[in-house]
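Listed below are the structures to be examined.
Look for chain A in each of the two complexes below; its partner is chain B in the first and chain C in the second.
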Partner chain A sequence: MQETIFSLLDVERVYTLGATGWFHRETRQLKALDGVRLELKRGDTLALVGESGSGKSTLIRLMLGLEPASDGRVLYGQHDLAHLDAEARKRFAREVAFIYQNARGSMNPRMRIADILAEPIRLHRLCEEQAIPARVEALIARVGLPAGLLQRFPGELSGGQVRRIAIARALAAEPTVIMADESVAGLDVSVQAQVLNLLRDLCRESGITLVFITHDLGVASYLCEKIAVLYLGRIVEQGPTHDILSAPRHPYTKALLQAFPRFDAPLCASLKGEIPSPVNLPKGCRFAGRCAQVQPACLEVDPPLTLLTPERQVACLFPVVNPC
Partner chain B sequence: MSHALDLSASIQASSWRRRFLQPLMRQRSAVVGLVIILAYVLAALFAPWLATHDPTAQDLGAALQGPSAAHWLGTDSFGQDLYSRLLYGAQLALIIGFASVALGLVVGVAIGLAAGLIGGRTEWVLMRIVDGLLAFPELILAMAFMAVLGLGTENLVYALALSFVGPFARMTRGDVLQVKSQPFIEAARLMGVPTLAIIWRHVLPNVVSPILVQAGMRVSIAILLESGLSFLGIGVVPPTPDWGLMIAEGRGFITIAPWISGVPGVALAILLVALNLLGDGLRDAFDPNTQKDA
Partner chain C sequence: MNQVSVLAQNIPVESSAEAPLLEVRDFSLRRKKATVLDRITLSLNPGETLGLIGESGAGKSTLAMALIGLLRAPEVEIEGSLRFRGTELTALKEADFRRLRGNKIGLIFQDATAALNPCFTVGKQIAEPLRRHLGLSASACRARAVELMQSVGIPEPRLRLDAYPHELSGGMQQRVMIAIALACNPELLLADEPTSALDVTIQAQIMELILDRVRALNSSAIFVLHDLALGAQVCDRIAVMYAGQIVEEGPSECVLNAPLHPYTQGLKSCVVELGMPTLTPIPGQIPPLDAMPNGCRFAPRCPKAQAICGEQRPEAHTRDERQVACWFID
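Take a look at the complex of A and B:
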């Protein structure tokens, strides 16, 4: 039985918008996350997929404790993330590493790469001061970059190099969990493949638990054993990658797969319309407006994420039975 | 091992050159300004050896003389040697200029850092004080404080420094707030970097360069204000060799002995132009916020 690292219990995150002027006092509620249930076990590799604006970044920021949950609880092991004591917080900082979507912005532009990589090592006293340069060189070699870059500043590196430095920094603290937000989006295909291979090898060799955000199902299936599909702030389907890709149970997942061309599947009708705004969600299922098999009940009842089989969960009143 | 050290030292030196010297050297006018300022600094440093007379020695028998072998730039109405007074005047102008800016910078940056880093009520109180200081133009503020403190070189430094506290504080706070909202600060916090280390290692290095650029530009304002106040008779006390005072003293003789006002006037004008050239160059080279579109 694997140990559970993260549990999210009906987590909600509401942003209050509005109050734009002296006389405009009415505010609107934006539900970036709504009723998210998630369990992450040690050694899991989980991909969070969904369209832009579906709440992927918000979810990961909540799991990192960077933002509070408006409702529900985020547990790290047995402890509520919102009430960690100083000791536990320190352990969390060491065990969980985050790779920012904006890798360049997450590095101090006035620090050399060598110092950026040495910072977590020094901070957690992972080795003697004299051994740090060797360790930093090992790190940069591990992400496949030349040691010559160590004396450079982040602004002098290319986009792909900066992403790999960000990965190296995440590895520096020897974390057990790595979270990465769109770490390959916008990269050249070849660089993207290098970064993905690097992450995959890491997970295989060191048994690191990985949470990887992507809007690319191909990337998700290559890197991760599990997938959670987000739609408008809720996980609508979750389960083993292979099962989900071969037999999607949620109409949204099915539509995503159809929009994502595969040589062995016919291209059916893809998603119609745009993702609606998460402000003032309508009653009933949040996908009803775009669902191909919407029924009257869907407009009344908001389906929560429920177990379908021990491994799979889906948030739909009428799960797809025979995939196309 | 020592070879490796040499290598990394030379890499650091060359990158210092790349990051600091080269961008500045690319600014032609900044180099011209720098050269002129260096000349003034040398003149000020070596004034005791370069001067031909005691700058405050009066010789009424030799008053109002034009340039001659004995008095290279002539004499004023008290028979004081203008060349010697000019050299010591450079010393005074540079000392007052740099000292007042340095003092204003230290106090202003401290206030700005405290406001930006602590926030909340502390920030509110500090920024209301700063607003109060900024409500008056520098010259008026300095004049008011000279009136309170009394004449004299030291008081002039304090008055000018005070007039610079507001601008430095406001700018520092703005930069601190801007840097604090950057992802790398959050990333450091997430890694567990202690707050003081975040301030020291991540916030401060990212706010120093605009502050130093601003300080460079303020020096010329300080020297102009210093000369102006002395000219108006509320700065340093006569017979201190001060350019503002010298210009004021020459006013009455402008038709018969124009060099008395002219010599310090030209010296002041050239120094101010040079300081502004260097200040603009520093800004264009190092301050990304106000960088001109090239």
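Take a look at the complex of A and C:
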């Protein structure tokens, strides 16, 4: 049995929206996450998949301790992230690395690449000052870039190179967990393939636990062994990648799969409409408004995430029987 | 409503079925001595959809911009010919070009948020080409704008007419831009990465919508895309571009299912498909414009490159229904 690294226990994240007018100071509640349960074991590679607005980024921010949960608990090992002492907090920061969605924006434009990569090493005092240059060179070699780039500034690098530097920086503190938010979105296919191969090799070689946010099911299937599909702040389906892609049980997962462009199938706009606002959530199933196989019961009952098999969970009253 | 039927008669149907709608022949574009587009040749028949595919820096967007005369500047040298419905575009005066843009040629840009003017309501922006090109009155513009918004699937168009772009979601903004592009029933629609900023579900909706409208108007369309699988789904023909040249062009099912050019093959092996075991990236990157190799521009990255590839540029060979520019296509 592998060690559990992260457990999320019925995590909720509510944002309070400000007053709508001068005279009526009503506030509205936006539920970005609503009752998320998730367990992450050492060595897992998990993809969080869903449309924008489904709560993927909020979930990862909570797991990084960047935001507190409004309700429920986020446990890292045995410790509640909300009550880490200073020392544990620092260890957490070393062990869990984050790769931002906007890699270029996450780097100081006035710092040279060498300093950007040395910063986490210095911060965590991982080695003697004179050993830092060698470590930095090893890092940049590990992500497949020439050492000549070390004296450049982030603005002088191409999009693919900046993403690799972001990965190198995440590796600098020798983390056990890497979280990445859309790290390959917007790249050319050839550069995307290079970055994906790099991430996959890193996970396989050093047994790093990976949480990867993506809206691209192809990317999810290439990198991750497990997938959690989010919709309006809830996990609606979760399980091993292969099972989910070959036989989706939630209608939303099925629709996402059908919308994914592929060479051997015609264009299919499987979902009508857009993800609704999380401010006024409907009473029953939150996907009911867009679901192709909605039944009267769906408008009344909010389906909980239930076990189908020991590894597979789905939140639907009428799970898909004949996939695709 | 009367104005709208008058509007339909305003569209002259001159192009016969045989003549291509758009013909690009040996079109080159140089900027500061760098050859940005190099002897592009293609043609598009009425009702056809063409996809321009390649990495960033391949010249896809530049070609699209050149087609609509947005790259006319003193430092830009142009050679070759661009014919649209028999009119030579390279010789067209700016004033005449303005009558074409947004009228006979509609445009959809990648980033709707940036393309729409934040200071005007979407109703005003949809009405602009109607007023400018068709000379409709204010009330007729409004009526037609509502119709257009309905046709692109914007719910409650009457209410949305007075909304500003920031009040709409990304998908809805993209729909507004499609409504603007289609306002004057264009014969050619240029769409530069129309869905790359959107979710896959919204992408499928928007692409279906564009295709549906293009077919309903019997127009042609050129899509600039980076997603090969999407290209296979929406385009009749595909032109693969590399470093300012077209390296392979033909029916999309041939080009994408059985690519002949090593670059197309390389691109295809980078595409993440569901359940794919390995990806093989193309090594290296597109050379900078001022340091293009003399022979085949793809030679430095090509796994099949031989001595001749570094020396002489391969001419396009015709193979079945497609054109391939490579010395070794077997």
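Some points to look at:
The working rule: the second predicted complex is superposed on the first by the 311 of 324 C-alpha atoms of A that agree within 3 Å, B and C clash if a C-alpha of one lies under 4 Å from a C-alpha of the other, contacts with A are read in each partner's own complex, and residues count from 1 in each chain.
In the analysis below, a residue touches a chain if its C-beta (ideal position, glycine included) is under 8 Å from a C-beta of that chain, and two chains touch if they have at least 3 such contacts.
The structure displayed is predicted, hence computed values, not measured ones.
Shared-chain residue A:His124: touches chain B; no touch with chain C. Of the two partner chains placed by the overlay, neither chain B nor chain C lies in contact with A:Val301. In the superposition on chain A, A:Gly186 makes contact with chain C only, not with chain B. In the superposition on chain A, A:Leu64 makes contact with chain B only, not with chain C. Within the superposed three-chain model, A:Arg94 lies in touch with chain B and out of touch with chain C [touch as defined at top].
Between chain B and chain C, the partner in contact with more residues of chain A is C. Once the two complexes are overlaid on the shared chain, A:Ala82 sits clear of chain B and of chain C alike. On chain A, the patch touched by chain B and the patch touched by chain C do not overlap at any residue. For chain A in complex with chain C, the touching residues are 51-52, 158, 160, 186, 188-194, 196-197, 215-219, 221-222, 242, 245-246, 255-263, 265-272, 274.
Interface residues of chain A facing chain B in the complex, by the touch rule stated above, are 64, 66, 89-90, 93-94, 97-98, 100, 102, 105-111, 119-120, 123-124, 151, 173. Across the complex, chain C meets chain A through its residues 55-56, 169-172, 196, 199-205, 207-208, 211, 226-230, 232-234, 256-257, 266-267, 269-276, 279-282, 285. Across the complex, chain B meets chain A through its residues 8, 11-12, 15, 182-184, 186-188, 190-193, 201-202, 205-206.
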